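Just passing along the structure, written as structure tokens.
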Amino acid sequence: MKIEKVSSRQVIFLIIAFRIAIAFSYLPAINVPPGNQDSWIVLIVSYLYSTLVCSPLLFLGNRFSNLTLIQYMEKLFGKVVGKIIGLFYTIFFILGAVYFVSILSEIVRITMLAETPYWIITLFMILTCMYVASKGVEVLGRGAEFFVPIIISVIIGLVILGFNKLDFKVLLPIYKDSTFRQINIGAIDIAFKFTDVLILSMIIPNLENKKEINKIFFKSLFYSLSIVILAVVVSQTSLGIEQAKHANFPFFTFTRLIDIYRIIQRIESIYIMVWIISNVGKITGYLFFASLSISQVLNKNKPNTFIILISTITYIISLFLINRRTVLGVKQPIENITLILSVIAMFIIPLIALIVYFFRRKTLKDKEPIKN
Amino acid sequence: MISRNIDENRAQTIKVFNSTSDLVLYEFETNSCSRILIAYLDGLVDKSSLDRDLIKPMMENFSSVEYIKNTVYISSVNEIYFIEDIVKPLVNGSVILFIDESNIAYSIDLSHWEKRTLEEPNSEAVVRGPKEGFIEDIATNKVLIRRRIRNSKLVFEDYTLGVETNTRISLVYIMGIVNEEVLEELRSRIDKIDTDAILETGYIEQFIEDEPKSIISTIGNSQKPDVIAGKILEGRIGILCDGTPHVLTVPKLFIEDTQTAEDYYLRPVYATFLRSIRIFSLFMSIVLPGLYVALQTYHQEMIPTLLLISMAGAREGVPLPAVLEALLMTLMLELIKESGIRLPRAVGSAVSIVGALVLGQAAVEAGIVSAPMVIITAVTGIAEFAIPSLTEAIIIYRILIIILGGFMGLYGITCGFVVFMIQIMSLKSFGVSYFYPIAPYEKQGMKDVLIRFPLKQLIYRPKSLAKGNARKKRNEKK
Amino acid sequence: MSINSKKVLLIILIILMSIFLTSCWNSRELNTLGIVIMIGIDTEDDEILLTAEIINPTSAERDMNVPMQSRVRYVQGTGDSISDAIRNITLKLDRRIFLSHNKVFIIGEEFAKRGIVDFLDFLQRNNEHRETSYFLVAKDSKAYEVMGVNGGVNNIPGGYLLELVENYEHNGKTRSLTMTEFFKYYYDKSNQPVLGVVKSEKRAEINKVSSTPSNVDYFLNVEGGAVFNKEKLIGYYTGKEMIGFNIIVDELKRGIITFDTPNGYIDRLSTTIPPIEGDVSSTKAKEHGVTSVEILSSKTKNNIEIVDGKVHFKMKVDIKGGLAEETGDIEISNREVIKVVEKACSEEIKKQIELVLKKAQKEFKQDTFSIGALFHRKYPEEWRKISDNWNNIFSEMDYTIDVETKIIRIGLVNTPSNRIKGR
């Protein structure tokens, strides 16, 4: 079977799209401790923590550059445990899709279509994502390559349009109201909230240039962090620290402030549009990787057959979730669950896998030469 | 087998052609008293040449069958051994020569028929650049290309397709630039064509294209030899077909529709400006009515207040919901366009005027549609013609976007936009990504997308088209 | 292939079914909307009374000659909360209330004194509102008394008021604060927001014969500012004080500063005005004229220091101005004279700043100028200790004001019009 190839550039854009999707919805960075004008410092510090958290996965990805996460887990842990872990990741991806579909439906419902029932909003999103996912990873990469520059330029354009609303004085005094401990806690929190490195480890076999894994990771981390910092700074300086924390979607509120010559006003829908596009990328990614991992757990080489199944499951769960409670406003239980799950998925399992790898290095090498 | 008896040959020929009335059979005797029968199809041969270069020398100088090539003053003389083989030369305009007592017939190419003169194709008119266009005759078309690329590497590859029509088609490409994989793929697809009739390149297009269900076409076409020459110089393959002035090119990229030949003849800055206008109008002609409907029914906050007030005033008393209004007007526009093309020119303009008056003024005054909707439809209609090659796709996309915008607002439009773009991106034309060089991105290719760089800097052919030979050749400096 | 096309067909069918069977949920056709352009909020009998100005699009668009009364409609709703009051309007109006184009909120004085922030929650929470709508306090009146007054050229009263508010660029005597800005100040621990003010005034009768008693005889005035103690209205600044205020918060765009022409520097070389024969009034010469300087740009640098345990506020104002008017008897072309005028202007500005600072310190005992935020930036450690007590510290605070005026334009003439330039 011919392996679909994606370029490094496409993967970088894909990961950026994934991060934008979270960053520009509820902008978690504003609310993590210390939650004051030093949020941007927190974000910069989180760069280090992200690297630290992701290093086991990166290391393993470099070692097993022809296998996805699911496949090398099975190789490391053996059939049974490996399959269980694979299943865990599948569920993790499905839950990710559910979470983001719910958030998206809720935001769209609040901001655009106040009277449209949830099932139709969600259905539209799932159908779109299902279609994109069924086209495979190559088209996903191309989509990211085409859409992400548009998204970024729209966001930068919005910032420029609203530049006269910004008041950078609120960022002062720097690093005076927050302690070292608070900043580090915030940074760790953020480092765990961005689970995009999993995408990288799922996409590694399709990479055109496998030597660039680390480069892709650092580049995408850098670019996406810069964009998040931009969003945080802009929301804080335009709304004030406290008001930004009050807002459910701070950057969204910022875009509502834009008013140029009384012609360009209330253009938040444009922002919502690009945000929806990035979310399509994210949900598609989760759907696609969920079906990829389930197909690899079951040793079938056809992820496409599972996409419809996975999408249907996602649709039903998210409808169930969203009709019962609000995902965004009252974050507590869901946020904690996702945080714990992502800590397990991103750090603990890869760490154990890494330890196992070092113990079984010899035997693995004997079995099969690892290509790099 | 050709019979030695000339009368039998005559009967055979009539039988093969089912006593068609345009088959001309003429018998004469030479000075050396041999009986000679010539057969041709009326109107396909050059009669003066026939009389002057074939019949006259035959009558006067014919001595024996061995020396026939020394007798006639014609360059293409082929021998025929089987009676079935006379069909193809005859329908292609050859004269068949039967000689008594000889079991060899000769086909002599004297093809000549009425052709249209070379005119400027009115669907691809240019201000600057050559004005001549292809015509229905494949030989002339070949000449038009050959005249532009005087090079031994320019290759024509002939096929005959269609069991009934025996249409001549011809691939044209430049050896050394063309991507061999694409060429091989194209040959195999042409071999697989199984049809009785090819009347236009549109037939071929549908047999060889990658995604028959796609709204947007993955095969390009043009009526202008300079366009085709430019395309094959970039590594594409042209497909000529007898009987039509439209020449296909494969593989096709999405950006080709936004490029015109004139872009390269004009100054780069102006060409860039024109190109951005074209891309903008492509976007507008697809999205504008849907966007208007979405803004008007879902996102009124985005409309500036004063405009909103006047729009609301215009909509007072209009019975239809905005989405139906937009659909109605779009369909009306299509109606006017379609009837304007089909009707005789004199009547066509009358229909346009009536349509414009009725749709534009009377409908607004009667309060059936609102005035802004008429403006939007008109703008869309104008914008559409900036990219004539995509008209078919634009209309379908536009209607879909109107429906989406009418029922889900900008959310629907966004989802639709993503799906359309992803569909376009997933297309492949003969193994080449359709959306190259935007996605997959390629730096050199981007020099000819939104911004048309000066020709000095356009030193690479599109890399996905001309694999391994993308660098354009330069004159060797002495 | 056929399975694939069946799938596509099924999906299309599902989409079409979902679209047509459930109809379009939120489509709001333009001709079903009541576009609100201005809202006034009052309390009456412990209930909230909400007045909305709604555009009547037919007459607003079609015919410019229709009387003002039919271009807009006023509807009122009462309720226990804002959202309740807005919903109750639908009981009386045939259109759906559409708030997205509401540009101005007028708060009745009574309501403002009661406290406004609890009602602002609705405006922040609801998606339809715009955060950029202006807040104004109706001085000495109910909000609905101010509404419906159109003393300007604009077609509709709401547009008229909006233009007035946005004129702050030309005159520093007013303030325009949008909702977001209000909240920025509100959440700031040190600061008390100052909102714009609107007042309905009777016009001096122009044509006594033909004038009829109607709304046209009134016009609106947005001079001054309303001072809030977090959420309760506690007083007003006058127009003159607002110039000082705007200079302190560095928001002054344009404005006129008028002061007595400094005498004592009259150019003796020039001839005096020849007395005009027969004109009695001209013999009574004015003591001195007034000078008006138009502020072209104003830059304020605020600084705060702790001197001997006391907070000391330092202001440095840089004004670039143009001479707008001169009725005194001075020679402008003289460099020395200009310097004197500049100095007098600085003094006047300083006076105005002191006026407003004093009022804030003594009368309101509230920091309305974000000086606390300045303190926070400079002394974050100390701020933590004193932030709760800031308003007291502010009232005791010392200040030095340093104003420097530069007159960089003198206009088309050099000598005042009332002088004759001799040799």
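Letters are used for the chains, namely A, B and C, taken in the order the chains are written, and counting of residues starts over at 1 for each.
What we mean here is this: a contact is a pair of C-beta atoms (placed from the backbone, for glycine too) under 8 Å apart; a residue touches a chain by one contact, two chains touch by 3 or more.
For clarity, every value in this text was computed on a predicted model and none was experimentally measured.
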Which chain has the mean of its C-alpha atoms lying nearest to the mean of all protein C-alpha atoms shown? A
Of the pairs A-B and A-C, which shows more C-beta pairs in contact? A-B
Averaging over Cα atoms per chain, report the distance between chain B and chain C in Å. 65
With chain centres taken as the means of their Cα atoms, state the distance from chain A to chain C in Å. 44
The positions of chain B in contact with two or more other chains are 298, 301, 305, 409
Which residues belonging to chain C are in contact with no fewer than two other chains? 26, 100, 130
Touching at least two other chains at once: which residues of chain A meet that condition? 113, 116, 120, 127, 265-266
Contact set on chain B toward chain A in their complex: 298-299, 301-302, 304-305, 408-415, 417-419, 421-423, 425-426, 433, 435, 438-441
List the residues on chain A that touch chain B in their complex, please. 7, 9-10, 108, 112-113, 116, 120-121, 124-125, 127-128, 131-132, 135-136, 139, 141-143, 145-147, 262-263, 265-267, 269, 272-273, 276-277, 280
Chain C residues touching chain A in their complex are 11, 14-15, 18, 22, 25-26, 100, 124, 127, 130-132, 178, 180, 183-184, 187-188, 373, 376-378, 380-381
State the interface residues of chain B toward chain C in the complex, per the touch definition above. 213, 296-298, 300-301, 305, 308-318, 321-323, 403, 406-407, 409
Of chain A, residues touching chain C in the complex: 110-111, 113-117, 120, 123, 127, 165, 167, 169, 172-173, 176-177, 238-243, 246-247, 253, 256-257, 259, 265-266
